[in-house]
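Look at the two complexes coming up: subunit A is in both, with subunit B in one and subunit C in the other.
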Partner chain A sequence: MSWPIRTENLSKTFRGVAAITDLNLQVPEKGIYGLIGPSGAGKTTAIRILMNIIRARSGRAEVLGVDSTRLSPRELASIGYVADGQDLPGWMTVEYFLSYLKPFYPTWDDSLAAELLREFDLPRDRKLSHLSHGMRMKAALASSLAYRPRLLILDEPFTGLDPLVRDELIEGILPASEHATILISSHDLNDIESFISHVGYLDRGRLLFSEQMTALAGRFREIEIVLDGGAPSQPAWPAGWMNIERSGDLVRCVDSQFEGGRTLTEIHRVFGEVRHVEARPMPLRAIFVTLAKAARKEA
Partner chain B sequence: MRQALHIFRKDVRRLWPEISIVQATTAGLAFAAGPQTSWGTALSLLTYLLPVAWCALIARLVYSESPAADQSFWVTRPYSRTSLLAAKALFAAVFVNLPKFAADVVILRAYGFPILPEMGGLLWNQVLLASVVVLPVAALCTVTTGFVQLITAVVVIGLATAGWSMVIGGTGAGVPWFALEWTRSYSAGLVMVLAALSIITWQYLRRDTARSRFAAGGAVVSVYLVLAFLPWTAAFALQSRLCRQTVDVSRLQVGFDPEMKWAARSLVYRDGTVDVQIPLRIIGAPAPLQLKAEGITASIEGAGGDVWRSGQPPITLRSAGELNSLHASLDSAFYNRVKDHPVRIQGSLYLTLYGNARTAMLPIRDQAELLPAPGVGLCSATRTGRQIFLNCRAAFKTEPGIVTLDLIGRHRFVIGAPAERLQSLSYPRPISYCPFPSDGNLIPVTQFTQAAEIANSWASPTVIRTTAFEPVAHVRKDFQINGLRLADFEPAENRK
Partner chain C sequence: MCTVRYSTHVIPFRVSFRPGVSIYEQVVYAAKKAIVSGQLRPGDAFPSVRALSKELKINPNTAHKVVTELTAEGLLEVLPGIGTTVASAPSSTAAERKRLLGGELEHLVVEAKKIGLDLDDVLSAVAEHWNALRDKESKEPARA
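After this line comes the complex of A and B, so read on.
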């Protein structure tokens, strides 16, 4: 399997404060990888290192098989990058912006650019500085999709956008980047959970996990156990149980390593006979809230 | 190259208002600097406005793809960095250098200078414009993200410079070097240009703003150090090497001038310092060369072995007409130890020898008629009533050398009276020994006017003769003076 994005022990500090620590990230080819984490987790820092906007203190990052510090115009012509807060040349009209960028990209597709403008409902003759935030993001995205990039990196693209614009962007991104690998960061899973194939959770600069969405959803369960009265008051909790709450005979927890039979065996090992066990699948949002809480508790 | 032109066209489209302002200001300067206009105030204003307009244009140019701004859109686009740098260089050449070149040509033509012989000055002016304005401003802009940071940097550098000047002013290290000043300016300029080139290249190719800012700070400090601590003697040695003529100075001798003993001084001040002046006699100059003392280094050794050493020239030399003196500021403790016994003074006198006299005869007319005066420029001699005016213009720089002016005329009432020198005038002008063909002034023509009143009615000057001597050698002559007793030079009231 090839990895359009791969990092090894990537670290970065800002004035002595660690922004990311030993980040090992692998984004699979043609996957849509969601990099999730609270604000300040290090997502933007990681992405900026990948794009060679800033330099890592240690470790290395490879993008499209090239050390990120050596990204040349050849690689950049295959990468689309859109970030919240990116400075666009406000004096350019939407149309001129696209026509200015066109000669930089050998794979530029005029018909796709026109289609994107139409789909995003972008006014061709309006200056970028006169566009709303959402429209600017659309313009940036259109300018980054029109050459059919092999890799699309989106850093918090939906921040500050209303749901309608967000949906329009998603609808624009997916068909236009059918054969592309996408790395998208967000602090809100709701924004991206509907279309990502892989997810990584970054907290305080550390990648807590990175896996396929289906696997993640499969291994997290909310467990509710009704005890049979004779259970120990201070049991040794199995590894992988999180957010454990106990109220009399009722125990609630999240099992992050759920496997039907194995989990049941664990429950019996801890509590002996129980009256009732229920394992409910969790929505992704609940999984991340659980992880975030656990991470904070550990810290 | 195609990408560079693409970026260039974008910058032209973006910056046309700024380009228009620079072109209008440059054109205004070319017009206002002409000899026929009386736009003195406008010209003064334009000489300030044009550099500001250049700086603003360069800043806008760099900031349109700022290497220091991480969020700038171009950073993640497939720009070839060399194309980007080439586009910016092309823009500066086309909209800053080229118009200034054209303005220089217009001004030179307006003042009657032929263009082809002045091509060296025209081109060197462009080098200086790039070195003093374009590169440093561009370098500063590549390490800042916008005008706020740029102005902050300029203010910080300005304050640091003012502070440094105050500190250095107190030590005497910053005294002007006059004709040798160019060595200091060019040394500092070279540091600045090398640093600017490195920073610009590094920033465009690597975008390493932290290191580049550090380098910029280091460059500013280096410029301060060069300006303050470059030894005058090293500058003089460089100047000597640049003179290709060899002059035999074996007979040249420097010693105490007993005929000028009255000018020797040992002045004791209440603050504990003692000013000693020793008049020097210089003999044996190779004829027909003229001498000019530029500086002196010396040591004074007392009988007990106490030694005082002078600082760097030129403050160690006092010149008044033909009189050249060693000027030593001693502390009173040293002075008191050595003053009553003969001392030994050893040192080196740094001299410029002038020769290759070239003369021009300029007829005095009622209407100005420009004629070439070698070593001076284009000159006209005119008469208004009893006033005689010599008006000279020099392109790009005043040629280094000594110029004498003689008013030549005949006796009015004696038929067949021979022409004779009626009056001599001085011709004060700042000169530089700089070997390069331009001083880099914003207006490429400098003018000097000398006026003389006809003193008597029986003779009337008809011609002004200019004689220009050019520097042919810069030599160091070592000397030793023995047996002087410094106390002998104290004024009578001090000795009481």
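After this line comes the complex of A and C, so read on.
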């Protein structure tokens, strides 16, 4: 397995305040990795270190196999980077902007550029400074897709966009994922959960978990057990149980290591015979809230 | 004024994603439902992996798995040079019949008894669903 993005104990402080702490991020080849976290969690800081816009205080980051502080035009020519609020040369028209970028990218594809302009409904002769926020994001994305990058890094691309434009951007991004690895940050899980393959949750500079989407949904269940009277009052709770609540014979919890038969055996081991067990799948949002709460309790 | 944008990317079935069930399973189910209800008929073109991914906003790998699964189940046919189309009504295998009429039906009966339904409730609900899917089929205009 190769990792187009890999960081080791990456840390950064701003005026003594920790922005990211010991970040170990691994984005697998051809994956669509969603970096989720509230505003101020350190997503943009991490991405700016990857792009060599700012320096880390300690630790290291590798991008396309190269130390991020040594990224050369050669690597940058196969990386697409789009960030919310990115500076664009406002005096250029859309068409001029693309023709200006083209010589920097040996893999530039004119017909793809034309197709993207059409799909995004971008006016070729309008100045970038005269475009709406959504149009500017589309222009920035088109300019980053037109050279078929091997790595696409998108920092909060959907912030402040209406749902229609958001959908247009996603429709532009998804075909690229057949050939590219994608890292996309967002504060809103809803925006990206339908198409990401991996997800990491960054909270106050720390990566709380990083996992394949299918694995995450599979191992979490909301468990409800109705005990049969004789259960111990201070049982040894199974490992992986979180948010345990008990009221008389009713036990509720979130199992973070659910595995059908094994979980049932465990329940019988702890409580003996029980009257009723139910394991419900959880929406992703509920899983995130559970994990974030648990991590804050530990901190 | 209303402008219609013609596109090759229209997906001939609807999926509204529910939490807790994998996106893959939900899309496979939606496609099957469209096929048994006659919304998609034998010979109809089935969307490409890329179109599925773009229109449903799902990962291309997931879209690929969906098409592979439906093809393996005999619901789709891959015609070289033409694309993927809906297969002519596949005859069910003995194993499939056994799984549905044995296991899955038993599961339904257990759930129904658990919440206190009687046999008539279940039979009339089954008939209703059965007819709903058949109705859709007969209401579709005949095609050449």
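Following the convention adopted for this analysis, the second predicted complex is superposed on the first by the 289 of 299 C-alpha atoms of A that agree within 3 Å, B and C clash if a C-alpha of one lies under 4 Å from a C-alpha of the other, contacts with A are read in each partner's own complex, and residues count from 1 in each chain.
The criterion applied here is as follows: a residue touches a chain if its C-beta (ideal position, glycine included) is under 8 Å from a C-beta of that chain, and two chains touch if they have at least 3 such contacts.
It should be emphasised that the depicted structure is a prediction, and the values quoted were computed from it without experimental measurement.
A.B. asks: Quick one: on subunit A, after the overlay, do subunit B and subunit C clash, or do they fit? Just give me the call.
C.D. replies: With subunit A as the common anchor, subunit B and subunit C both fit in the superposed model.
A.B. asks: Rounded to the nearest 10 degrees, how wide is the angle at the Cα centre of subunit A between the Cα centres of subunit B and subunit C?
C.D. replies: So the C-alpha centres give an angle of 150 degrees.
A.B. asks: What is the contact status of A:F104 with respect to subunit B (first) and subunit C (second): first, second, both, or neither?
C.D. replies: The answer is first: A:F104 touches subunit B but not subunit C.
A.B. asks: In the overlay, answer first, second, both or neither for which of subunit B and subunit C A:D167 touches.
C.D. replies: second
A.B. asks: Who does A:P38 touch here: subunit B (first), subunit C (second), both, or neither?
C.D. replies: Neither: A:P38 stays clear of subunit B and subunit C.
A.B. asks: Give one of first, second, both or neither to describe whether A:P238 is in contact with subunit B, with subunit C, with both, or with none.
C.D. replies: In the superposed model, A:P238 contacts neither subunit B nor subunit C.
A.B. asks: I'd like to know which partner A:S194 touches here: subunit B for first, subunit C for second, both or neither.
C.D. replies: The answer is second: A:S194 touches subunit C but not subunit B.
A.B. asks: With the two structures laid over each other on chain A, which partner does A:R74 touch: subunit B (first), subunit C (second), both, or neither?
C.D. replies: First partner only, subunit B.
A.B. asks: Just subunit B (first), just subunit C (second), both, or neither: which does A:R48 touch?
C.D. replies: It touches subunit B, and subunit C stays clear.
A.B. asks: Which partner does A:L284 reach: the first (subunit B), the second (subunit C), both, or neither?
C.D. replies: A:L284 sits against subunit C, while subunit B stays out of touch.
A.B. asks: Rounded to the nearest angstrom, what is the minimum C-alpha distance from subunit B to subunit C in the superposition?
C.D. replies: So the smallest C-alpha to C-alpha spacing between these two chains is 26 Å.
A.B. asks: Which positions of subunit A touch subunit C when the two form their complex?
C.D. replies: It is residues 32, 167, 170-171, 174-175, 177-178, 194-197, 214, 217, 280-286 of subunit A that touch subunit C.
A.B. asks: For subunit A, which residues are in contact with subunit B within the complex?
C.D. replies: The contact residues of subunit A facing subunit B are 48, 51, 53-55, 73-77, 79, 81, 83, 85-89, 91, 100-101, 103-105, 140.
A.B. asks: Which stretch or stretches of subunit C touch subunit A in the complex?
C.D. replies: Subunit C reaches subunit A through residues 17, 19-23, 50, 53-62.
A.B. asks: Quick check: in the complex, which residue numbers of subunit B touch subunit A?
C.D. replies: Of all residues in subunit B, those touching subunit A are 2-3, 6, 10, 14, 64, 69-73, 75-80, 208.
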